[in-house]
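Naming follows writing order (A, B, C and D), and every chain is counted from residue 1.
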Amino acid sequence: MPWTRDEMAALAAAELQDGFYVNLGIGIPTLVANHIAPGIDVTLQSENGMLGLGPFPTEAEVDADIINAGKQTITELDRTSYVSSADSFGMIRGGHIQLSVLGAMEVAENGDLANWMVPGKMVKGPGGAMDLVAGVQRIIVLMDHVDKQGAAKFRRGCTLPLTGANVVDMIITNLAIFERPDRQSAFLLRRLAPGVTAQEVRDLTEAEYEEAFA
Amino acid sequence: MPWTRDEMAALAAAELQDGFYVNLGIGIPTLVANHIAPGIDVTLQSENGMLGLGPFPTEAEVDADIINAGKQTITELDRTSYVSSADSFGMIRGGHIQLSVLGAMEVAENGDLANWMVPGKMVKGPGGAMDLVAGVQRIIVLMDHVDKQGAAKFRRGCTLPLTGANVVDMIITNLAIFERPDRQSAFLLRRLAPGVTAQEVRDLTEAEYEEAFA
Amino acid sequence: MVQKIHPDAPSALAGLLFDGMTIAAGGFGLCGIPETLIQALVDSGTTGITAVSNNAGVDDFGLGKLLRTRQIAKMVSSYVGENKEFERQYLTGELEIEFCPQGTLAERMRAGGAGIPGFYTRTGVGTLIAEGKETKVFDGETFVLERGIVADLAIVKAWKGDPYGNLVFRKSARNFNPMAATCGRVTVAEVEELVAPGELEPDQIHTPGVFVQRLILATHNEKRIEQRTIRKEAQ
Amino acid sequence: MVQKIHPDAPSALAGLLFDGMTIAAGGFGLCGIPETLIQALVDSGTTGITAVSNNAGVDDFGLGKLLRTRQIAKMVSSYVGENKEFERQYLTGELEIEFCPQGTLAERMRAGGAGIPGFYTRTGVGTLIAEGKETKVFDGETFVLERGIVADLAIVKAWKGDPYGNLVFRKSARNFNPMAATCGRVTVAEVEELVAPGELEPDQIHTPGVFVQRLILATHNEKRIEQRTIRKEAQ
């Protein structure tokens, strides 16, 4: 049985370590915040210029001047600080953020990531994704294993324009977890969703990888 | 009769316009602040990261955390702001400061300035002078017309290592004022100190210049 | 003392506008955008504008207003997703767009304001964004050269401002405003609150007055929210 | 939560020091220098240090203390005028110096901290400072390429700090401290005052805690004044 979105988010949350500064992308990655283990203290960063994101506000707490990078209203914590967007991306580009969790359209076996444009469709722009994958120490991708047409999203090479070249460290899909020890290495299949077989994953994956279950 | 240091400072002060942001170098240039005309509101900048310098403190006002670029204790005004040194030089390099008044060992007829090192002597470093001459909109040099050995300081070319190439707009010495309309033009002799003749200035100057009295 | 405070937005923009000009604007999404000055730009009729702004507003708010009137010829932005009129003009070729990664855009505006004509970044290397741009290897790694941006005019929104042009921003409404303020040849600020000289703490001024040539009291402070996300009281 | 506050300077530096390391330090002249951490570096005996610092202190104060004990092999500075021991070591060739214009040094530290390996500046073009460095022409004008600096360790002095490592600086003691804090692979801060979580206003934090791995309460706060300039009361 494939993992649900919440289970995928929980698997990503298990990668968080105490004291980490973390940037969560829009969509499923935002769910990661709901699954952080007790005793693990993590500071969430939002690239528009907020460090230390609190939960969504109550109706009474809504403040139009407190939003995250998804333009959602949000709240402060006792650790919160605001900076300019230039200083915020200084944190990101400078390698001061330990982990980012992002969605993807495609990931290639060499770690290339595509998640910002589909030729022929209206292009909305890269936003901060290119900066995040270029600067953050470790990049985890959360995505469905196949697209809506059933095509593999973990591929030999990306067919879509890249967001970053050789930037992905870990892939969590609804079927499996792939990981590599460093960016010179190939991806390893580390874990299968309950009831999913290694052969099923092989059949639904275009990328080359090795099996090395954790 | 040559101008005194205070008269030279007053001549430089006459170049200040209402609303200017100004950086004054160490030494005679600091005297410029004492000669600003009534009705001319000028904001002094200090490159260590202070905008809006007040006067020296009284004994009771001394605060070790409020110093100018000459490391002198100073006071705040109601307009004062502090920034990091990176942001302070952003103002300077970015051309946001209208005028800087600096001392010089030598100025060349092409606008080159030398004021930071003498080969064979202990070199203390350029400090912020290279940034100031490279970034501030207009550079006025205050210097004696000749050095202690009687040699001309306004020269065909600088003999000392440069602080900046083609950066000086106006030279105020104890004998004369030279100015040029832009950095493609030659310097013009604009004014003589009382009792000083054009021939005397010509004799004590190595640089080529034209006479065009104001 | 030079009077920086103007009575209204048209007066603050008087003499600064011309067709084909480049305007940098602060704001992220609809947060921290100079609503009053944008309306004045609409009213001015200035056309052929190159707008340097992280986003393009929505159809009837923010820079979307200037798109609707076709006053903008080109956008330099990182993300323009929320705007149907934008999409239409872009697809018909009426509007030019230069996409720039968000952090690169922020840094380009800061660089322009700080006299840095170019800098190298890892962001975008190996992607379409780096195509046609120079690259350089530092310590075995490839970086792309990005250019500083200087705009003819910058418009920013601040929380508080004093007569010297010192500005303080509020929370995440700070975003691109400080960099926009530095990269304008002339910068006009609108503030929610004008305060007396000396009321702003010198250690807490985000944008020193040297960067702000004119300022007004903002009269448009709608502060529209794009994604109103709420949690239940009990949680 | 990771405990950033350490009981004293030796504990805060434990495990971070090695001979031949690069250390970036905040401060301008003797203003805003991390006095407590400098003393702990003296006590540590670490040698062969490359010190990135705008100035070199005076003979018996600031980085001058580390020069006296010959723990510094190289200085990257803009101005080193006030130090006789420095002069002696420099003239005998015991000490290496890399001069860097003050604004370029500040920007190099900021760039290193912000993941920018190089940037172009007009500063120093046509002078000894640009010799051996690449230049590039932008819009008809020549600029020199300067490199970002990343240090093994950064030591900074702040006014207030909280347990998350958020820092606030005081007046012109801010100077190089914010950039130093960003350019250290590890950054240790000493603060005059430790405050409780939430006491620092989120809009007024100069250095967010992400940049500060360890902090201590400063025990050395002499704040020596280099040029005590006074005006008459009556003036």
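Here, contacts are C-beta pairs under 8 Å (C-beta built on N, C-alpha and C of every residue); 3 or more make two chains touch, one makes a residue touch a chain.
In this text, all values refer to a predicted model and were calculated from it rather than measured experimentally.
Chemist: Going by the touch criterion stated earlier, list every chain that contacts chain A and also contacts chain D.
Modeler: Common neighbours, chain A/chain D: C.
Chemist: Please tell me whether A-C or B-C has the greater number of C-beta pairs in contact.
Modeler: A-C
Chemist: Calculate how many whole Å lie between the centre of chain A and the centre of chain C, each centre taken as the average of the chain's C-alpha atoms.
Modeler: 28
Chemist: Roughly how far is chain A from chain B, going centre to centre by Cα mean, in whole Å?
Modeler: Centres of chain A and chain B (C-alpha means) sit 54 Å apart.
Chemist: Express in whole angstrom the distance between the two chain centres, defined as the mean CA positions of chain C and chain D.
Modeler: Centre-to-centre distance between chain C and chain D: 32 Å.
Chemist: Using mean CA coordinates as chain centres, what's the chain B-chain C distance in Å?
Modeler: Chain centres of chain B and chain C, defined by C-alpha means, are spaced 35 Å apart.
Chemist: Where in chain B do residues touch two or more other chains at once?
Modeler: Only 76, 82-83, 89, 92-93, 134-135 qualify.
Chemist: Using the touch rule from the top of the page, what residues of chain C touch 2 or more other chains?
Modeler: Only 107, 110, 114-116, 121-122, 169-171, 174, 202-203 qualify.
Chemist: For this entry, which pairs of chains touch?
Modeler: A-C, A-D, B-C, B-D, C-D
Chemist: In their complex, what parts of chain B are in touch with chain C?
Modeler: Chain B reaches chain C through residues 18-19, 21, 41, 43, 45, 51-52, 76, 78-83, 89-97, 134-135.
Chemist: Touching residues of chain C toward chain D in the complex: what are they?
Modeler: Those in contact with chain D are residues 107, 111, 114-122, 136, 138-139, 141, 143, 147, 168-171, 174, 201-204.
Chemist: Spell out the part of chain B that touches chain D in their complex, as residue ranges.
Modeler: 46-50, 55-59, 62-68, 70-74, 76, 82-86, 88-89, 92-93, 112, 117, 122-131, 134-135, 161-166
Chemist: Considering only the defined contacts, which chain C positions touch chain A in the complex?
Modeler: On the chain C side, the touching residues are 28-32, 54, 77-81, 87, 90-91, 97, 99, 101-104, 106-107, 109-110, 121-129, 169-179, 206, 223-233, 235.
Chemist: Residue numbers of chain D touching chain A in their complex, please.
Modeler: Touching chain A: residues 1-2, 110, 112-116, 162, 164, 166, 182, 197-198, 200, 202-203, 205, 208-211 of chain D.
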